[in-house]
Amino acid sequence: MRTITFSEATLEAMREEMRRDPTVFVYGEDIVRQGGIFGQFKGLPEEFGDRIRDVPISETAIVGAALGAALTGTRPVADMHFADFIGVAFDELANQIAKNRYMFGGQANIPLVIRAPDGIINQAAAQHSQSVEGWLQNIPGLIIVAPSSPATAKGLLKSAIRLNDPVIYFEHKVLYPQKGPVPEEEYLTPIGKAEIRRPGRDVTIVTYSLMVQKCEEVATELASEGIDVEIIDLLTLKPFDRATVLESVKKTHRCVVAHEAVVTGGLGAEIAATIQEQAFWWLDAPVLRVGAKNVPIPFSPVLEKFVAPQKDDVRRAVYRVLHREV
Amino acid sequence: MRTITFSEATLEAMREEMRRDPTVFVYGEDIVRQGGIFGQFKGLPEEFGDRIRDVPISETAIVGAALGAALTGTRPVADMHFADFIGVAFDELANQIAKNRYMFGGQANIPLVIRAPDGIINQAAAQHSQSVEGWLQNIPGLIIVAPSSPATAKGLLKSAIRLNDPVIYFEHKVLYPQKGPVPEEEYLTPIGKAEIRRPGRDVTIVTYSLMVQKCEEVATELASEGIDVEIIDLLTLKPFDRATVLESVKKTHRCVVAHEAVVTGGLGAEIAATIQEQAFWWLDAPVLRVGAKNVPIPFSPVLEKFVAPQKDDVRRAVYRVLHREV
Amino acid sequence: MESTQAVFPERYIALPSERKMELLRTMIRIRTFETKVEELFLNKKIPGFVHLYIGEEAIATGVMANLGKEDWITSTHRGHGHAIAKGAQTARMMAELFGRKTGYCKGKGGSMHIADFSVGMLGANGVVGGGFNIAVGAALSAQIRRTNQVAVCFFGDGASNRGTFHEALNLAAIWKLPVLFVNENNQYASTTPVSYGLSAQHVADRAKGYGIEGYTVDGNDVRQVYDAASYLIGRAREGKGPALLECLTYRVKGHYVGDPEKYRTREEVQKMVNERDPIKLFSKVLMEEGTLNDAGLAKLYAEAEEEILAAVAFAESSPYPEPEEALEDLFSFSPKEFPEVIA
Amino acid sequence: MESTQAVFPERYIALPSERKMELLRTMIRIRTFETKVEELFLNKKIPGFVHLYIGEEAIATGVMANLGKEDWITSTHRGHGHAIAKGAQTARMMAELFGRKTGYCKGKGGSMHIADFSVGMLGANGVVGGGFNIAVGAALSAQIRRTNQVAVCFFGDGASNRGTFHEALNLAAIWKLPVLFVNENNQYASTTPVSYGLSAQHVADRAKGYGIEGYTVDGNDVRQVYDAASYLIGRAREGKGPALLECLTYRVKGHYVGDPEKYRTREEVQKMVNERDPIKLFSKVLMEEGTLNDAGLAKLYAEAEEEILAAVAFAESSPYPEPEEALEDLFSFSPKEFPEVIA
């Protein structure tokens, strides 16, 4: 299979969906003149004219207008520049977009996508390094996805654009330049469905986004120690695929949840709480969580590394659920 | 002990702290001319002049200015009118207030309080009924408290005003007119410390805010069936008092977490996840969560009642952790 | 109340008398609806929060007379008048206020979330200033799809201090979106007089900051509102971009039903009722024009009364939703069948 | 670049020559710092994102010359110049950019969060438009405590489209807060020309919407900036309320170090460098005035060079923080000892 970058994969998804459906359009800050900070919009202006637009630094307008546009016959895709700025438009997400369909009794669909580049990269410090899916997890009405590879980036973005409901699409900044196999022919990655990246018998690791590959590396290393890890890539973070997770945990009896976001109050809390609720009698150890330490992301490389979750943290958690000395 | 309302208790706290410290001041929408929607600011204008102010409908200014004022020698208390509007100023909370001290290396303290009336009351529907502490739980740098009675309302508000760090103070709208004993003499309710409202041996219920009294009623009813419930009133929601919770669970071996906020992604997730991590081997049943169903709060009384957590939900959860048929 | 008479093409005057009568009819229907709602709320037949449009009817009426069903509006917490003027049925509105299954939102919304998307009424909003960008988005949709639809955003004087006002007007201006921002300056934002919260003298003064036109008209004179809206909506439809129209009016009732109203005197209110009631003013105009007589006016009131009583009867006889229906309508798919592949 | 010459009391001209030289010195120190930072960043000595202030030095310098250490400023992502002009030490700044323990933020902030609260520099901000309300809050603190401190908020042309701009200016205006909003209109917001994103012709046009004064000056002429700031800060200090000062300038370097700059031509940039460099312009003025000669100018550069090299040496010889120090500074208490009773 051919190999393209994550960034190119999202670009293909945009191009295919914009060709397929003239009501799909995209806008965001600084995406037209230079193709997006991560090159993820390159070439679209040439092909799609005013269906790709730059916007002023006005995040409430970006997100709020997406709702208005979605209610009235288009399928907007709005780019947040950095996921960190979702907070600027939080009311639009939490009180307008998430509630519109429900509080008006289902009068309209809300086919919109908010793209949000997230994660730690290059000492970008406290306000440009966050993974903020946890901010949104207690809001009914939003669907949250996070690809982990070029293939899932393309397939999930296409599915998100076609869904008649609001989707927040978190794309990790470190992934953009990474290459991976992506089918030539059209495909969709189902929303609401996790993928088992690596089957295993001893421990389940539930993870998503960039952490998937870190966990895969750990799993490979642990395999040489005879520990057989199963890795579940959630892909859809909310609602997450309980069936796949629970089935896996009922098989392995042990589980670690890993994400880059801060552990306290993160998505791992919901996942761990659900697993122990639904699979308590199958568990041979507590569900452990791995994630960033409970502070903002600091600038200095030494500090950043200490705060961000590392492969070693995952490894240690696996040992612990196996009741091995660390 | 004398009995006063929750609303009067918060008023006393404000008055005492404003008398004690001339740098304490308060502002919010519609608090001067009519004393606040719940009468919680009545009489302050007469005594404190321009240290209590009405503001325009500008929530980013309300919360953002609190930070600027806190950094420069005052102790602002800002009222959000309804907790639902916290989303309007989410960036100010999450990216500015919560991070300021940390990302600047501890250059200044941030003594500010955001008061946020929350909860379901009178069919106020989707945008005026929320409990939104879950939105804030994944943000390091914020302290969140929620009183459950006039006495804790007063003591926690005073402590919040004196703390040199940002505190979000959630006050349930149903509590305002309720009366309860409040000491005449000055006291503070410690931040970071839960209170055991009712000791018991069989099951621990971890709860807060208005749900405390609902849980107490359930406990009284269950007592007649021979079930001895221990009720923990968290008071401080973030960081919550792990020691008290874990000690209780290690004694009762069973736990239910109850809050009015939506269950999925709510604070109960963090609490349940922590309990199973830290007290796994003591648990005789999964930690169960009770809260609102996974939709916005609907308007119609029938629907609202169905979505909001009821005493029966708590009772059923207790039966379930006791492995009794429901 | 200060009022700047802007000069717009005089289109009201050329309207056929049926259209003029239609304006009055709409105002009276709104008034009758609101008066009944107040009574029902005080009698505890309607739960929740209710904000009445009494005294402001000329604005919704004068603006909406220039829109078709394919055009959109966004409304505020004070949305009944907008809904009626946009063509929503009072029976389904009333049912919604009663929390019944037959209401526009199946009982999920209530007064603060009244909406009828089928006539382009994109919803009341419990968040002040929540509608600005929704209207901008609708106008953007028209531009992207190259239709000639327009969007109108209604908002209060208080709402003009929200950041969303600024971001919406700037974006609409740079893209020349077909949207009209209609400010209902009713002198108060809840307890707060406009003179306290608004730093500009007029909301319309803010137009310059976006390089667009801004006008202030007497919002209690439906003719002025009609002419201004006709001109500005026409321009928007022609691709000439957004404008800001401030309509000076007065909130005759409390902010919400039950408001103790300690922030103003009874005299202030009474004077406005006596001198500036938009329905009285317009009835007088129509009588002077010879379009209306006493009998005609009585007939309009009687018809409106009949309609609203029927609406109440419809609402009262409608069933409540089943509790489990609370779990519906969150997504386009049922909660039980999350679509695995979206085709 | 269009420039409206507003008429302010001519105070620059009356400054003693040391003060004038001090202005030039500050501008040169900023330029030298930034030039070195660019080099260090390209040589991978400095991690993170870096936004340079080159070409805009006259603004920070002209404004800050009117402030004392007890006054406050809020800054932007492009904050080095503001910090230096406000009195921060370049050595501790450089150490911060290097991520060292001796930096102002102990290595936790970096360039985008440079700050020195001890001289009233309340921080750069990674959120565009994040500083407006912080400045308003500082001004509010001065008003509540009845001091005569003032706050200055620096912000870009792009930032003027954020809703926080609107809410901050409105609140500052109604309370007559002692705050000056200084717009650095450097013609671009990242890749986007100001003419695209800004609906008004000038940022200063927005002042009217808040009933305050708004002026546009040549931000590359430190004398104009000084005079305007002197007048407006003076007024703010006297309780006459806020104002909006737009300083027209040009961002000579890319948005960040490493910017491919595809959105403009090299010629456009070169023309600005040749004709509008604020340091060249002001050096020429001082030479014409007879305050400065070639040797004096060379000395200023040499001293600045020496200072910045020392700053780099300080930074490079400073230790990194210990990893565990990442857990400090979140709260006023240590994470281990949450205060149970706050006295």
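To keep things simple, chains are lettered A, B, C and D as they appear, and every chain counts its residues starting from 1.
Basically, contacts are C-beta pairs under 8 Å (C-beta built on N, C-alpha and C of every residue); 3 or more make two chains touch, one makes a residue touch a chain.
No experiment lies behind these values; they were computed from the predicted model shown.
Enquirer: Starting from the Cα centroid of subunit C, hunt down the chain whose centroid lies farthest away.
Expert: D
Enquirer: Go through B-D and A-D and name the pair with more C-beta contacts between its chains.
Expert: Higher C-beta contact count between the two pairs: B-D.
Enquirer: Quick one: report the Å distance separating subunit B from subunit D, using the average Cα coordinate of each chain.
Expert: The separation of the two C-alpha centroids amounts to 40 Å.
Enquirer: Can you work out the whole-Å distance between the CA centroids of subunit B and subunit C?
Expert: It comes to 36 Å between the two C-alpha centres.
Enquirer: Quick check: how many Å separate the C-alpha centres of subunit C and subunit D?
Expert: Between these chains, centre-to-centre, one finds 45 Å.
Enquirer: Pull out every residue in subunit A that's touching 2 or more other chains.
Expert: Those would be 55-56, 58-60, 84-85, 88, 91, 95, 102-103, 125-127, 140-141, 239, 294-296, 298-299.
Enquirer: Could you pull out the residues of subunit D that touch at least 2 other chains?
Expert: 105, 107-109, 113, 125-127, 161-164, 166-167, 170, 174, 196-198, 330
Enquirer: Show which residues of subunit C lie in contact with subunit D when the two form their complex.
Expert: It comes out as residues 161-167, 169-170, 173-174, 196-201, 205-206, 208-212.
Enquirer: Which part of subunit C faces subunit B closely enough to touch in the complex?
Expert: 47-49, 99-100, 105, 107-110, 112-113, 125-129, 158-159, 161-163, 189-192, 196-198, 260, 262-263, 320-327, 330, 335
Enquirer: Given the complex with subunit C, which residues does subunit B contribute to the contact?
Expert: These residues of subunit B touch subunit C: 29-30, 32-34, 54-60, 84-85, 88, 122-128, 293-296, 298-303, 305-307.
Enquirer: Which residues of subunit A touch subunit C in their complex?
Expert: 22-23, 25, 50-51, 53, 55-56, 58-61, 63-74, 76, 91-92, 95-96, 100-110, 140-141, 143, 159, 162-165, 188, 190-193, 239
Enquirer: In the complex, go through subunit C and note every residue touching subunit A.
Expert: On the subunit C side, the touching residues are 72, 74, 103-109, 113, 115-118, 122-123, 125-127, 130, 132-142, 144-145, 149, 151, 163-164, 166-168, 170-171, 174-175, 328-333, 338-343.
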